[in-house]
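One chain, subunit A, links the two complexes that follow: it is found with subunit B in the first and with subunit C in the second.
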Partner chain A sequence: MADRDIFAEASYHFSAPAQASSPVNTFSDRSLWKLLRAIVHKPAGAIGVLFVLFHAIVVLTGPWIIPHDPLAQDPRTILAAPSWAHPFGTDLLGRDVLSRTIVGGRIAIAITAIGALLAVVGGAVAGITAAMRGGLLDAIMMRLVEAIGALPYLLFLLLLANFFTGGAYALIPALGIFYGTAVVRVSRAAALSVASSDFVAAARVRGERSSTILFREILPNVLGVIVVDGAIRWAGMLLGFSSLSFLGFGVAPPTPDWGLMISDARNVMAIAPWATLWPCAALASLILGVIFLADGAGKALGR
Partner chain B sequence: MVQFRSKIALVVVFALFAASPALSATLRISHNLGYGGRESLDPISPTRFFEANQMIYDQLVRAGPDGQPNPALAIAWSSSPDLAEWTFKLRSGVRFSNGEPFTAQDAAYSLQRILSPKLASPVRSVLGIMDSIEARDDMTLSVKLKQADADFPIVLTDYRVRIVSSKAAGGDLDAVNDSGIGTGPFKVSKLDQRGTTVLAANPDYWDGKPGVAEVDIMAIADQDARNQALLAGQIDITEVTPGEIGLFSSNAKFIVQRVPAGLWNPIVMRTDTSPFNDVRVRKALRMLADRQSLLSLVVGEGNGAVACDAPVWPGDPYYNSSLSCPADPEGAKKLLGEAGYPRGLTVDLYTSAAQPIMVPLAEAYQAQAAKAGVKVNVRVVPVDGYWSTTWMTPNRPFVVGNWAQRPAAQVLNEVFRSGAKWNETAWNCPDFDALLDEARRSGTIDERKALYAKAQAILAEEGGAFIPFFRNEIRVYSSSLDHIDNVPSMMLRWHKITKK
Partner chain C sequence: MTLLRALFSRMLSLVVVLCVCFFALEALPGDACTTFLDQDAQDPELLHNCRVKLGIDQPIPIRFAKWAEALLHGDLGTSVARDRPVAEVVAPHLRNTFLLAILAASVAFPVSIVLGVLAAVWRGTAFDIGMSAFFLVAMTLPEFLIATVLIFIFAISLQWLPAITVVATGAPILEVLPNIILPVAVLSLVMVAHTMQVVRTRVIEAMQSDFVETSRLRGLSFQRVLLGHALPSALPPTLNVIALSLASLLGGVVVIERVFNYPGLGTLTLQAIHDRDMPLVQAVVVIFALTYVSLSLLADLISTLLDPRIARRAD
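Coming up: the complex of A and B.
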């Protein structure tokens, strides 16, 4: 688990102002299909789509494709090496690692997906509002965002996890708030660059209402940035949530969860590496997939 | 620049070589920071720093490999015919680490302060039967008991009953005595509970000069980190779980020692808190378990023995071997129905990796409980401070505990007598206490055996502790160490250990 959140810095790729004078590419310019084709066209994007698609299929079909009950303990197969019966081996309580890995991402993905949505929507609204209003509100919000950004991310998450007690799902607001602050910064920067452009000025001169300017003029032009940034946040959140599970604050035993599986088996990593290797591989491939996909999407959208 | 660097490298290499002879005489062990850095050098403190105290202070009487009392600072003892007064002849010529001679005054002071209500030591529940303690002369100690106790010397082998200097605290019985001045084989050089505590050998130790010049006690809270520290040669000895033996067994640098022992990990139900204040619920939560399967899952066959909720282990002369506790999930369901939980029960079980098997035990029990309609939410909390903030706190009535092997007379009084400081199940049963009193008064071992057997049967039937098995101790140490007896860690004679 990294000391600092590498994903917090990733936002700088997107915070550079887009071309201010002309409207930038937006989702409305191309159909989703065209966008997907553009993403797949880049090697990184293709890998991302492949990984994410693979995980999506596994998540959706998980309960039907697992070879064993992921909770079934068996004293006869404790830390058994990979075999035909248990292709990924077994863990400390003789449970099948393959089955546990297959269903071990479901809760993390569900929670972080909702958390990411919360972070993106909340962060975008806050960021664009700050950009449009400016003044004291903007200053206060941005100092707050910077203050949170200055805290070591795991420490801050642990603080929030202690506050929002009551199981894994109670962590959704904590994750949303923490990762949302980065979205505020990115969407504010993007909105600022668009807000100063001529077509927004024109809309103001026409006497359009603020909400119209927000939804008609600004949002379509910053949506691409926000969605790509949101995907990066999601990847970061997956790692953050798994770290919390690893530390005992996320999913409670015996529910299979990658972070918890890694934590449970790390003491025996040298003699039974499979019990930590597979959940690590699953988590890493999903995070990489999401990042590659976001990267591909960013490139396809011209950023 | 390059030249400067190579000079530094040379100096470092030279320093390493120069330092190596001293390093080789240092025995390095670890402690798990269970009291979060508040570990105290007062041997009877509730947060005693046992790893250091066992080397700094001596006992009057120490437990031999068979659990029977052996001479230490007391060289001989005898009792009055009614077993209510005990006289100890003390070892002469022993000095404290500050040079003061050890006398019966110090021994009397050390025992008297155990009774101090202000200090509120957990040992008080073990030795509360002491009435008056006096030094008859410099080398004779007399202890009058409130009631007869045939096993009083066995009770004195308690790992915390150690002799401190009475002068160090000005003779004040209510003062915390954490000076570190003892008669033991090592003395404190540097106390740093959160870092490395350094002890230096006492060359004049009465039982012979220690085999190493120094002992370093490092704070390592995490079991995996301890294993890695041992593998990397940063510490010399540690306890491991059965699952971790493989890390060391095929490595010639390490020796794996399996020590038959009665370590136990209860799942504690507070008998004064709902729903565990209902004896049917307690019984059901014990009945549902398949102990043999828990034993094989959590510690492995051959690394322990099935227990029936009584804390006296099979190696103890007072062990009740007639208890049986087969798994009966259907019976458990029925009992829960009678207790008002016809559709099962949901409970939060708190645990931590304070002892590495404590989390797997909770998970394995959780799976068995589910079959009897009991939903156990396993809550894993951090190791640091587990014993001060989770265990024995009123809002955590269902937790996993961890106990070392203790003689019957000690463990039954310390953990199950009503009002005892570490009575983790809040067990309050006058009949049970009366049995313990009667056992102490009994003159013959057969009588005591029968009475302690009854006490164990009561715990198995109604008590608040679910004790699925006794564990052996598995110790791994560097092959550079020698003279490590095959006894539980708490009985190890550290000054005999040598290091190549």
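Coming up: the complex of A and C.
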């Protein structure tokens, strides 16, 4: 119990610990459509779907729907209040806050999405391998995972961010490694609980090859857990990445990014709160949307 | 046995942290000399002399050995950008951060117990659901966002509290206190978000357990059972989670200090990284890691001492 990080702690509330659950329902049991309907049935899940859908549309159409160039400065409209020309007002350099908010999530979302994919695939492979092999490999891997989990997340990311120099995209491995360790833990526990079930024992008795057992029996049964957990990791990564951006270790200045926008505009919040609060709202709705969606999916999958 | 294992695992964590910290920082492009000399760093002779003076001309393994050896003696080295012993630079910042953390923890602990017990007792009511929703939001949002929004509400709209902390690094504690209400509030809000649900779950579990039912059947009053039986058995895991969340939140302290311009360890870390002041960065990381490790050991110790079932459980 001692090796928990913030988001493992968080996911503890959203979904029962993986090792406690009996073999869970999987995507093969219900179609994705049915799953979506089950998620939307609960108010929190519906909000999650709504927020995520909204952000998905904005991210995909962003460059074509912005009213102004997000980088264009205008000394005549510095810190202008919201108006028809600038519905969200303008910032310290007279740039349009609406346009910057629309495209301000693109880099963060791209980086954390790749990072989350890396963390989930790498973490799941490592975790399931550790669970299946056991022995020394398992012990070494888990001690290493514990060691990384013992670091305060931001400090670790700050150090790794320095290690991989070369802009915001260089943060992907750092994010992947740090959040991947949590995936290792979750997928290992899930695989262990499935591996001890009767149908895996039956497959062993039938004399199935271990690769068959892995792909036909274990993987389908842990996939749901891993995907739901992966979504929670993604939200955590968004938090980590925008914190880094806020501290000046993420996206480089002229590029619009929510964390950076909040950091830049926060000193003039008394005069122009719009320049700070709109990116805050955008970031908050995305993170909450992902968390609510993951929570809803976890519950709908029967956990 | 469990404690020994925990101790071993924490020590291993510490070693890994120290190695990552040292080598990651050494692999950085640029060092204190290139930052210090700025334009003059073009001159190879000046650069070399500076590196010799600071002792960073030697190969990495030798420096690691020296650094680790000095560390074992409690010597944190000399800050290259500030030209003072690291311990001297760090001490007042460390005090400020501990002040923040301890204040936040002493607010968060009673609040999360009270709210957790109330949510458990009034399970399923609007209060319970509202609390869960509120703290779920507080738990999932970045600290800097919560801090920014709270500054907007309490410092700018209502003008009740100062937006930033204007205190000198070494100011007496009594002078610091009135200025840090908002940062303490942010930190304790995040802490309560992490611990209140744990209290709630544990109290509900305890209230459904056999021994509580027996006490109820013996005719003890609800309050008596709740406060005398259910709460004590719910406390050890809560203390455990609080110690752990305090440890996890150390990272968040960096951000919160930055938001409020609070002269603590987090602000110092960012400055040191910016100055490429390796001995200082390494010292700060060592302190963070040591605090984390001791807090999580404390968490293990609490759960073992207060809950004999864990000590006896076979691994």
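Operating definition for what follows: the second predicted complex is superposed on the first by the 283 of 303 C-alpha atoms of A that agree within 3 Å, B and C clash if a C-alpha of one lies under 4 Å from a C-alpha of the other, contacts with A are read in each partner's own complex, and residues count from 1 in each chain.
Quick note on the criterion: a contact is a pair of C-beta atoms (placed from the backbone, for glycine too) under 8 Å apart; a residue touches a chain by one contact, two chains touch by 3 or more.
For clarity, every value in this text was computed on a predicted model and none was experimentally measured.
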> Which of the two partners, first being subunit B and second being subunit C, lies in contact with A:Arg266: first, second, both, or neither?
Replying inline: both
>> Between subunit B and subunit C, whom does A:Arg143 touch in the aligned arrangement: first, second, both, or neither?
In response: second
> In the superposed arrangement, which partner chain does A:Gly207 touch: subunit B (first), subunit C (second), both, or neither?
Replying inline: neither
> If you stack the two complexes on chain A, which partner ends up touching A:Ser242: first (subunit B), second (subunit C), both, or neither?
Replying inline: second
> When the two structures are overlaid on chain A, which partner does A:Gly135 contact: first (subunit B), second (subunit C), both, or neither?
Replying inline: neither
>> Per the contact definition in the header, classify A:Tyr153: touching subunit B only (first), subunit C only (second), both, or neither.
In response: second
>> Under the stated touch criterion, which partner chain does A:Leu277 make contact with: subunit B (first), subunit C (second), both, or neither?
In response: second
>> Of the two partners subunit B and subunit C, which one touches more residues belonging to subunit A?
In response: C
> Which residues form the common part of the subunit A surface touched by subunit B and by subunit C?
Replying inline: 247, 266, 269-270
> For subunit B, which residues count as touching subunit A in their complex?
Replying inline: 223-224, 227, 231, 241, 243-244, 246-247, 293, 296-297, 300-301, 356, 359-360, 362-364, 366-367, 377-382
> For subunit A, which residues count as touching subunit C in their complex?
Replying inline: 1-6, 9-10, 13, 44, 143-144, 146-148, 150-156, 158-160, 162-163, 165, 235, 239, 242-243, 246-247, 259, 262-263, 266, 269-270, 273, 276-277, 280, 283-284, 287-288, 291
>> Going by the contact rule set out above, which residues of subunit C touch subunit A in the complex?
In response: 6, 9-10, 12-17, 20-21, 24-25, 27-29, 133, 136-137, 139-145, 148-149, 151-152, 156, 163, 194, 197, 201, 240-241, 244-245, 247-252, 254-255, 258-259, 269-270, 273, 285, 288-289, 292-293, 296, 299-300, 303
> For subunit A, which residues are in contact with subunit B within the complex?
Replying inline: 71, 73, 75, 78-79, 92-94, 247-248, 252-254, 264, 266-272
